[in-house]
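Chain nomenclature is as follows: A, B, C and D, assigned in order of appearance, with residue numbering initiated at 1 for each chain independently.
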Amino acid sequence: MLIENSFEVAADPDEVYRFLQDAHNVAACFPGAELTEDLGDDAYQGKVKIKVGPVTAAYQGVAKVVERDAVARTAVLLADGKDSRGSGTAKARATMRVTPSGEGANVVLATDLTISGKLAQFGRGIMADVSGRMVGELASRVRQRIEQGEPAAPAPAAASVAQPAPTAVPPSGEPRDEAPPMKAAELIRIVLAGMLERWAARLRAPRPVR
Amino acid sequence: MLEQATRRVRGTVNGDPFDEAVDPRLTLADFLREKLRLTGTHLGCEHGVCGACTVIVDGAATRACLMLAVQVDGAAVETVEGLATDGELAPLQQAFKRNHALQCGFCTPGFLMSVTAALREDTVRDEAQAREVLSGNICRCTGYTGLVQSVLDVANGRSDA
Amino acid sequence: MDGPMPEAMIGARLPRREDQRLLTGQGRYLDDLDLPDALAAAFLRSPHAHARITAFDASEALALPGVVAVFSGADLMEIQKPLAPKVQHPQLRDYPRLPMPPEELHYVGEALAVVIAESRYIAEDALELIDVDYEVLPAVGSTAAALRPGGPLVHTGDESNVAVLLTQSAGNAAEALSTAPHTLSEEFFVMRGGGHSMEPRAVAARFEPATGQLTIWDTTQSPHYARQQLSMIYEMAEDDLRVIAPPDVGGGFGPKAQFYGEEVVIPWVAKRLRRAVKWVEDRQENFVSAMMERSQTHQVEVGFDADGRLLAVKDVIEHDQGAYCAGLQVPSITTSTVPGPYKVPNIDIELRACYTNMVPTSSVRGAGRPQAVFVMERMMDRIAAHLGLDPAEVRRRNLIQADEFPYQVGIMFRDGSPLTYDSGNFPALLEGAVERIGYDEARREQVRLREQGRYLGIGLAVYVEGCGLGPYEGAKIRLTNRGRLLVTLAAAGQGQGYETIYAQIAADGLGLDMAYIDVTTGDTARIPFGQGTFASRITATCGPAVFEAAKQMRARLLDTAAVLLGCDVSEVDFDGNHACLGGDREKSVSLQQLAQVANIGKHGITLPRGITAGLETASYFSPERAAYASGAHAALVEVDPETGGITILKYVIGHDCGTVINPLLVDGQVLGGFAHGLGNAMYEEAVYDDEATPQATSYLDYALVSSAEVPPVELFHIHSSSPLNPLGVKGAGEGGTVPPPAAIANAVEDALRPLGARVTRAPVTPARIVDALLAAASVADSVAEKKKVS
Amino acid sequence: MKPARFTYHAPRELDEALDLLRDLGDDAKVLAGGQSLMPMLNFRLAHVEHLVDINRIGQQWGTPAFGEDTITIPALVRQRQLERSAEAARLLPVLTEALHQVAHPQIRNRGTICGSLAHADPAAELPSVLTALDAKFTVASARGVRTVSAADFFLFHLTTALEPDELLLEVSVDRPGTNQFSAFREFATRRGDFALAGVAAVCEVDDGVVTACRIAAAGVAPTPQRLTDAELLVIGQPLGPDLGAAAEATARAQVDPTGDIHASAEYRARLTGVLVKRALADITEKAHA
């Protein structure tokens, strides 16, 4: 399934490209992703957890930039993983293209997402919606990170044990709701630090049960 | 069977008490079939659509594949094995036979239990209602004609051959 | 010698003997059999439509408590032998179908490993712990993709995806089409659909080391076929293999007539482990691994004169074989079914059967016929519309007449004989259906309702169904030591009521009451030879065999009784379970006594003079060629153009299967077949996406009809006896399934004719109806153009 | 198709259930009627560490309350129970009409209203009906109780505002006045199937004029979708065929469904419009009766 997203970024196109051609930066923006190991050669091992209600799938695999063209400012990231319960695989091939746009840059993110196995065998279009939201969120996170001017996220030490990808947690202090369609974060529910606290604040005058 | 902590389940099936220790994940259908060896309850889809596993739990027609055995603790379960008395077929069973409402017979217990529960709840007046009563079970063999007639026969108290 | 019979049982409307146990939960389906300490099996299945296994690690699964063994395909190389296609052709490019491929997998759902565990729950736990690495390969998700030049290959290293190219022809269709006053062409597509017996497949096996015998319980429709295959693969004597189709099998419908890798793996594993092993397919597996059918694309062209008389039919058929060729029966039946009940002087049918990365196809109730009938009957309606004639009238003008039998169509049937219709009365079927549907009044009502913006449609479909295929089927009858007649069939039933029907036939052959007759089926240890239940063949092959064996047994019984009674055989007849002299019960011998004398005997004592030992008879019937059942369906529907919803207002079925053994059961077969056909007409779609991933893998996405969807049917019969067997019978199991897609599609297009919607695909669903209406609205001009050209 | 292992809990009190959910968090899943969850467990699409079966938390959670101001449906009210309630049929016909079309009686015997809402399948009937009824979702956890509106409750396919430690304790709607008329329309391929689209409409009608209106669609978005454009168009207008036709076009334009193997996006959008028209016609008929 090919899903295209494009967005404007108030940043220098070359800066944007530099950010995008680093596999770690982009892979870490994938919703529910955790990078677990730097394999070197700009390849990272990681996990992606998809959770739609009670339906869960956890994919383990490798993300790697497989093509780069600094002149055309395009890069292709390939992320390929298999379900930890052996019931399928997920593969994302994200083609990123940066073009100058006014003062800033335009990014086109074309993601070809292929999921096989049980999750892919639904006739109802749930996975199409899920895929669309996942890729949409990937795009919004990429944009968010670029706009925050963050350099490439620090790569985890090689062979380190799983740590939540830095980008999976919104920078502290930033209200979650301000990020572009961040309701999406609820959807593929990433474990967000501080979520409970926020909820507690939103609770209306709690009353005891019975 | 090597399983995790079992739970005790007590209740009745067709009036007979049972008292068994079960794995919590064991479905009611597998419990009836494997633990109690009441194999008349069949598994056709295990996702609640075909209705072959329908049994009556505390008076309500229920998919035995969508209930856990631990959930019938304290319940009265009725299965197809309990419909006939001393080898004498119940009127619904007789109607099924008379009207050729079964072929391979695999779905039949589910139909019998669904209709038995439905006829206890409501009267069926016409063909449309009979079809409604039957619509939660799938039969691949008969085309439903004999089933519809059987429901109407029993609803109207007809029992001639 | 045949004395006056009691009441004839053939033709009697009797309830079934099987019902008592099935109604009380005492049926014995495979999963109900008591196999003490049997282990449970679960198969690991490919999540990919096309992939190579690059690594396989079951260590974690094996470490799980309760797991007894895990075998990958590579662990069972001794049984990795190709499962032969059931129907072959010299030109078939067969690609070996291995029981559990060790290297390359070719469809989602193909088994690559099996777990044996203490319970199915644990076995499924273990499946999740097996670690497999796959190299995913490009997959083929349609016949169009398969035939596209330069596209991916279904089997790596193969030269193309074509399985076989075949042609059937009569006359000169090309020339006839080029000179015909009118021609019309269209492309039709019929969707994949499954058998969906309510009981999925199952196999259990137990090995007896003491005797070296392997006993296999199998839900198969063809136990003898399974034994033959296993005997070759295992390199075991057939007598050391006993294949039993349990007394109760929860539906077959074709997929269970095929032979699968699981049937090879389970008994072998039971033998290796020296433990009973049972595998019961669950519905999730059934959706991706039981064979399917139907999927075909037809490019058809018809030539006809100004009166609507057919001059030529040309049809190019793309048939989806799936990942392997399990047999060519389906496409070959399609090729010979296209002309149907019509006189077609010039026929040219081209078959392109190709491989795809989907579960293999084989026969499903109807077996290649619904597709052909859909195409031909849709074109009959198109001819009528083109010429402004009534669709019923166009059919009348083309039907083979009742006095034209035997009728040679000019092409070959799949049994290897020239397609020759044995008997029938197609005009009577059509007129009966037309009259009962209230055709003329419905046409008037159609006009009236159109003025109110309501859309009524009438659909007709007439068909001929080759059935009763060879090579043979057999039966044995034995007087048991307890004085009962035991009829033993090789055929295995799946709900057809064999225990009743064959007792009826035997009763007439024996001249004995059914009460003394038992029937047993489907066990290779009880009868040496058999073919199986498929292709609506059993009544027409096994029926005559039972009848003949029964007549022989009658003669043997009466001969024996005459000797014991000291009279001429002509003076003896049965009264109840006694053979009586001159109708006198006082001067009689019981069946039990006959068994005592001729079968049990007295150890070491010479038989009475004139008694022949062993009261057992056997008969095998081999039909000279296929018989042809036929029928006509008529549907009256209303279509809601806003939702695309179809309401069936009335449905009539005219059916002709020759002599009827038990009308109650024949009606059941026809009406059940109709419900399946209605599913193919309106609901069932085994959708695969472009990557060949199945999209309808549960009953939430694959809709089987319930009582709410199936309308009441008015069913009538005519009886054109077949001259090809002594009972005059033909097959009845599939006829109901064959024409509904055609009848419904015809009715829907008829209803929407003023709006120009065209139905070219089965099933016809609400969404596609609305899509067709939108397309018609937007391309009204080009449709008009097309009409002008043709 | 056997469920994977889980630890089973059958609390006898609500507080016990909430404590369990607090302690187990994301590893727990609530089991009510189980008619959606059990198939997912059987398919092994869902894996849960802990199953918290709330069926034994007490009778009081199994009885609907038809109060003077509010109608409350607690967690263990079965669908079949409410379907057969004469009071529900009189007060909330849209709900009764929808319940008749939820799967089959055998499923409704066990399935709960709240369970279906918490499962949040956007193609299911009840989420759209309770959205059109502007229901309040009372959500409990060991931390306390909060109320969530329908608009905030449904977030995506199978995803709600419920936190892992929370339970949908009850759903409530305002007791309708005599001027409220409602209707549910859906079109499914087969009896009992998920609808290709469904529409729940609730109108207040005074002197033949619609004074308030809520319309929610099922099966055309990742959540039940309020058809606000159609609502605005309808409010202030007299009921009648013209209104239906206008609402049809508006509704069709507002939805942006996903196409799938059952129906194209275009079809679903059109169908939504048709169903809005028909639901309004039902309401017109009821209002004139």
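Throughout what follows, a residue touches a chain if its C-beta (ideal position, glycine included) is under 8 Å from a C-beta of that chain, and two chains touch if they have at least 3 such contacts.
Only a predicted model underlies this, so the values are computations on that prediction, with no experimental measurement involved.
**Q** Count the C-beta contact pairs for A-C and for B-C, then tell me which is higher.
**A** Comparing A-C with B-C, the pair joined by more C-beta contacts is B-C.
**Q** Give, as an integer number of Å, the spacing between the C-alpha centres of chain C and chain A.
**A** 50
**Q** Round to the nearest whole Å and give the separation of the Cα centres of chain B and chain D.
**A** Result: the chain centres lie 29 Å from each other.
**Q** Centre to centre, by mean C-alpha position, how many angstrom separate chain A and chain D?
**A** 32
**Q** Give the residues of chain B that touch two or more other chains, as numbers and ranges in rising order.
**A** 25, 46-47, 135-136, in rising order.
**Q** For chain C, what residues touch not just one other chain but two or more?
**A** Residue numbers touching two or more other chains: 121, 128, 282-284, 687, 695-696, 698, 700-701, 706, 708.
**Q** Would you give the residues of chain A that are in contact with at least 2 other chains, written as numbers and ranges?
**A** Within chain A, residues 85, 87, 118, 123-124 contact more than one other chain.
**Q** Mind listing each pair of touching chains for me?
**A** Chain pairs that touch: A-C, A-D, B-C, B-D, C-D.
**Q** List the residues on chain D that touch chain C in their complex, please.
**A** Touching chain C: residues 1-5, 39, 43-44, 187, 189-194, 196, 261-264, 266-267, 270-271, 274 of chain D.
**Q** Which residues of chain C touch chain B in their complex?
**A** 15-16, 18-20, 22-27, 29, 31-32, 65-66, 118-119, 121-122, 196-200, 248-251, 253, 282-284, 494-497, 664-665, 667-668, 671-676, 698-700, 704, 706-708, 710, 712-713, 736
**Q** In the complex, go through chain B and note every residue touching chain D.
**A** 4, 7, 24-25, 27, 30, 46-48, 51, 54, 60-63, 65-68, 70-71, 114, 118, 133, 135-136
**Q** Sort out for me which residues of chain B touch chain C in the complex.
**A** 1-3, 23, 25-26, 33, 38-47, 49-50, 52, 79-81, 83-84, 89, 93, 96-98, 100, 102-109, 112, 127, 130-132, 134-148
**Q** Going by the contact rule set out above, which residues of chain D touch chain A in the complex?
**A** Residues in contact with chain A: 14-15, 18, 26, 29, 37, 40, 43-48, 119-120, 123, 140, 143-147, 155-159, 161, 163, 169, 194, 222, 258-262.
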